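Once you scroll down, you'll see the structures, which are given as structure tokens.
Consider the two complexes below, in which chain A is the common component and chain B and chain C are the respective partners.
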Partner chain A sequence: MARRTPAPLLNRPVWFWALVTPFLAGLLVFVYVPLLWSLWLSFYDARNTVTPTDFVGLANYVALLNDRLFVDSMVTFVAFAAFIVPLTFACSLGLALLLQRVTVFRGFFRSVFFIPTAVSYVIAAMVWRMSFFNGARFGLANTLLTDLGQQPVNWLGGENNWYWLVLVSLRLWLQVGFYMILFIAGLNQIDPQLFEAAALDGANGWRRFRYVTFPLLRPTSVAVAMLLLFNAFQAFDEFYNTLITAGGYPPFARPPLVYLYLISFGGGAQDLGIGSAGTMILTLVILVFSLIQNRVLALGGGGQ
Partner chain B sequence: MALTRRTLFTVGGGLAATATLAACGTNTGRTSPAATASAGTTASGPQLAQWYHQYGEDGVEEAVRAWAAEFTDAQIDVNWVLSNYEDALAAALLTPTAPDVFEYANGPTLDMIKAGQVADLTEMLGDAGAEFTPSVLARMTYDNKVWAIPQTVDMQLLYYRPSVLAEAGVQPPTTLAELTEVAQAVATPERGGFYAGQDGGIGVLGLLLMWASGLDEFNEARTEAAFNTSALYATVAQYKALFDSPGMVKAASADWSDASPFINGECALQWGGLWDLPNVTEAFGDDVGVLPFPASGGDPVVPFGAFSACVSAASDHVDVAQDYVRWLWVDSDDKQVEFSDGFGTHIPAKPSLFSRASQVASGPGADAAAFVTDHGRSNALFWTAASGQAYSTALSNCVLNGADPAAEFGAAAQTVDAELARVND
Partner chain C sequence: MKPSRAGSVLAHLAASVLAVLFLLPFYVIWRNAFSTQQGIVSPQWHWWPDQLDLTTLTAVLGNPRLGVVQALVNSLVVSVVQTLATVVISLMAGYALARWRTPASRLVLGLTVFTLMVPAMVTFVPTFVMVSTLGWISSYRGLIVPVVFSAFATFLFRQAFLDFPRELEESAALDGANTWTTFWRIVVPNTRGTIAAVGTITFIGAWNAFLWPLLIAQDPAMRTVQVVLSQFMTAQGVRYPEMFTGALIAVVPALIVFAFLQRWLVEGVARSGLK
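Our next item is the complex of A and B:
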């Protein structure tokens, strides 16, 4: 006869630690130690060394904040975020709502929009740069323009602002599917009875979305908005790989991470003090932004 | 894009165009003892690690491995780094597994020298220093000490077809103003005039505009930016005139580092690399001419880059490593000629070897070699990445957006002054 309550081989705390330790160790070694090390480096003149001795206090921070190019890079980020955050939010929510109403091939359509998420930023950037938005006459976009009787556009040359279209459309294509899935998950959480009740009360279409769907999607919306903002801050891959030329990264459209990379690692240099100070400034800015966003959206506030 | 030698010509932006960032290698450059034993090396003596970046041409790797095996006083393990050479090397130099001998574009960086990562090679080189092209060896010299031995020289130059210029009734340009006229004169609806990259040449020509104006980055003492003058403003205005003219080609099927646009007839003049000379001559035969970047108040100029052998100061066998570098890159003329001439088009680092290198012995190759000797320049040691960014931003704002040169280069000069103060202390 089997025992009804098998004696635990080990007690619960041991299992807890056995399961948590690998993750915790990874987090410590790959996140917290580098973070604190970086903080330490930011107070030193640390060129070509990770164990600097030349303490410079806040000089690295002062140098960066007085560097108009670093300040410009923050403006670049704000411009990018101002485009990409609302646009991705609206597009992914719109797609999620549309796909909710599709009854045939639902899985197919969801996959179609999700697949770009699996594409590498580097590869996508190369496709955008080399074929779609090539500035030469034979680029796809320019071929269409010349067929329509327009002049070809030098998309990425920096003489105009069209590179924003390239960068924003690239990021949108890459990430819209992922946020669409988050919205679909959020929509599935809403009790269908509420829609029925709303329908009985005569609310349909826009009114149903405005007064039922959107308010109930709020937790998802807040999370999506936050993630979008963080990801916009971390813009690097698509900028770098879209705009890089054989002559180096061009002197425009440098978001903060790209600029920090260029000045701290450019040409094989290792200016780790400046780079660390820059990431610390960015971390602070992200923190402030998320606190403001939390306050505005009242996430976790008393008003739930 | 792997880091090939052509990407070292990024003097404008100060940034190597290492487009791939994803390399995360575990190769420390040291073969395990077992692997060495099975390789059956005959050399005795200590074991040294030597690093090369990946050369694009076939056969280079085999050649350098064979040469390393010929050295009798040490076992040399060659590590052929496939991508992100500069990043991998910079990281390795911080660790106990740093290579004993390694190559670096234009010698070690100022930070490497200041951090004591590389050995002083002055004494080892001795009088043999006089054999090297002076402009090239000068770039490896800091504080009156030589920090690297040039292996071979690459350079950039302006390609044109004499027949095309003759047809348009114009002479090869010797000044930037003439280049502006020539570019417009030769442009047709099908074929553009002058091409210097997808960024309109801002990246690759940036410092050339300064040098062609007769200016330097800094004053002699390297305490202050010296480029912020009206001579530079005039050159930038002239370049803007070229950039805005119908003779300028701003986008093409490849970047400047690949002569395909010139070969395909997308442009009549292209700024390119000497490495493309075989392709260009294959396409146009004798109808190929080369020029330095034209003067604009100063002298014509060509930028060069020279991968050069450095010895790690942290090596356990600095003396043997120096002997090896001397044997390979100072004494072995045959190997140096083969390294420059056998796998692509490069210029030997010693003028006395030019005549033995078939590709630079005559024709456009000989012109190119003469350009390096007469007009060769390379980015300055104290020109940090932040200085490069500030300068190219100013140039871009002036040429692309019509900003005021005095304000833009004034701001760049301030950044450069601040950087000089930072690296000088």
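Our next item is the complex of A and C:
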């Protein structure tokens, strides 16, 4: 397409700055300044203060990396991401493909799978911990178990690993609908003639998916995988609300953000130096993992 | 490509079973809200509520100690103001980033995309530090202003404006309209779909936000509805029916907004989200 000469008024830089300044100023003041300030705080002993004077070098970082709870939390969440990202990916794609085969009430089904997106993690956690997976006999899961002649399970007590089932099912319920919509959008962009051509060549359902649908869905898949990864490391609401008790947060299943919350705001002393150092480590981990994931997905792309 | 009949029946069957599972949590909120405490904690699970009247609802709304009404007002103020501000600010910035191809524009776009990679809540510790230095703890300003500048919204608008035909703006400019007038009179009215999509995402995100209000609303009178519900779960003396009545009241506005604007949301995501 030939480059047209734009109308003279339209491209005057003063209008660019008039339009972009409110956003840019907010971004700098509430994202970039705090981030740099936090980098600075992370080298200081900043208990109960935001203008510390006591430079401690890397001591906050060393303290964190020697803290069993922090290391456990990071390791657990790398494992959690490695598990939840492919699982949510597969379930959302599965729902989108299922809806392609549904011809009756398709719009209704799509809405039903999408609507949990509107529910908060707080409310979902309430339903999951108080009703579905209540440790008492009147919980739905325990009622089903006792009907089958099993013993009721204390799902969230921490003496077993069942709390992962609770947290993963909650997350799936709340999240798959949104990613399903992204996949549906991606599927709709694929030319239907390609499916017909593949069918004429005798490709069955699986081969059509493997050689036509999935490769053409690449841009959507890459975007969904990235969003899921950011999301996995950001987990806070559902863990906090599912596991917190009147006595505080239990020592297991602490996402990095919950750990940072407890260390920065939980105890008597607000240790913002340690909290800031943790923010830096977490940011770095997310960046490294997104680079790795990008690289892996790009390798599978055949040089796109 | 004609799918087999059996396959189609199976697909509808699977979709129906999944639909029941997906709707179950909503049913449970409703059942618990209209049950008595005894009805819920009796040894066996009951599917049907045992108190189908407004007793619990009026008790919850009429009890200032629970703070539900105040929390609803706070949530409403925060969500509406945040949504309006985010849409206006990101709409302008997204337009500028799509239309101007200058080094400055590329730099701002780079800063925006980097923010997308470092999710806002990961940096909640430093942002909290910033807000407490400003003296904004337990205020609407503190709840709203720091979360208004959405890189995600700006990015979505930019993507939408890339597809926007230039001719409309150029003819307006030839008619003597300046950029500001052209933007509000020509560009914005033709971007309603994306505005509805970004508005819905922002409103639901703001209504459901938990971590940021938890940090900022240290004065109980400033708590949002999600924070209040969260505290019900660990509080002594809040019973199940009251808790779930609170959940029911809190989930209904989000569901209504969602139901009305779902079409735009789907289209907006499909059109501008992933290119």
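Throughout what follows, the second predicted complex is superposed on the first by the 285 of 304 C-alpha atoms of A that agree within 3 Å, B and C clash if a C-alpha of one lies under 4 Å from a C-alpha of the other, contacts with A are read in each partner's own complex, and residues count from 1 in each chain.
As a working rule, contacts are C-beta pairs under 8 Å (C-beta built on N, C-alpha and C of every residue); 3 or more make two chains touch, one makes a residue touch a chain.
Just so it is clear, the structure is predicted and the values come from calculations on it, not from any experiment.
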**Message:** Applying the document's definition of touch, where does A:122 land relative to chain B and chain C: first, second, both, or neither?
**Reply:** both
**Asked** Is A:136 touching the first partner chain B, the second partner chain C, both, or neither of them?
**Response** both
**Prompt:** Now for A:265: first (chain B), second (chain C), both, or neither, which partner does it touch?
**Reply:** both
**Message:** Let me test your reading of the model: by the given contact rule, A:245 touches which partner, first (chain B), second (chain C), both or neither?
**Reply:** both
**chain B versus chain C as contact partner of A:158, first or second or both or neither** = first
**Message:** Looking only at chain A, is it chain B or chain C that touches more of its residues?
**Reply:** C
**Prompt:** So, A:48: does it touch chain B (first), chain C (second), both, or neither?
**Reply:** first
**Message:** For A:257, using the defined touch cut-off, is the partner it touches chain B, chain C, both, or neither? Pick first, second, both or neither.
**Reply:** second
**Fill in**
chain A positions within both the chain B interface and the chain C interface are 50, 122, 136, 138-139, 240-241, 244-246, 264-265
**Prompt:** Considering the complex alone, what residue numbers of chain C touch chain A?
**Reply:** 1, 3, 7-8, 11-12, 14-15, 18-19, 22-23, 25, 28-29, 32, 40-45, 89-90, 92-93, 95-97, 99-100, 102, 104-105, 108, 111-112, 115, 117-130, 132-133, 145-149, 151, 154, 166, 169-170, 173-174, 178-180, 182-183, 204, 207-208, 210-211, 215, 226, 229-230, 232-236, 240, 243-244, 247, 250-251, 254-255, 257-259, 262, 265-266, 269-271, 273-275
**Request:** Under the touch definition given earlier, write down the residues of chain B that touch chain A in their complex.
**Result:** 6-7, 10, 12-17, 19-22, 86-87, 89-90, 93-94, 104-105, 109, 111-112, 114-115, 117, 197-204, 206, 250-253, 255-258, 266, 384-386, 388-390, 392-393, 395-397, 400-401, 411, 415, 418, 422
**chain C contact footprint on chain A (complex, rising order)** = 4, 6-13, 15-16, 18-20, 22-24, 26-27, 29-35, 37-38, 41, 50, 95, 98-99, 101-104, 108-109, 111-132, 136-140, 143, 173, 177, 181-182, 184-186, 188, 195-196, 199, 219-220, 223, 230-231, 233-234, 236-237, 240-241, 244-246, 257, 260-261, 264-265, 272, 275-276, 278-279, 282-283, 286-287, 290
**Prompt:** In the complex of these two chains, what residues of chain A are touching chain B?
**Reply:** 45, 47-50, 63, 66-69, 122, 134-136, 138-139, 154, 156-159, 240-241, 244-252, 259, 262-271, 274
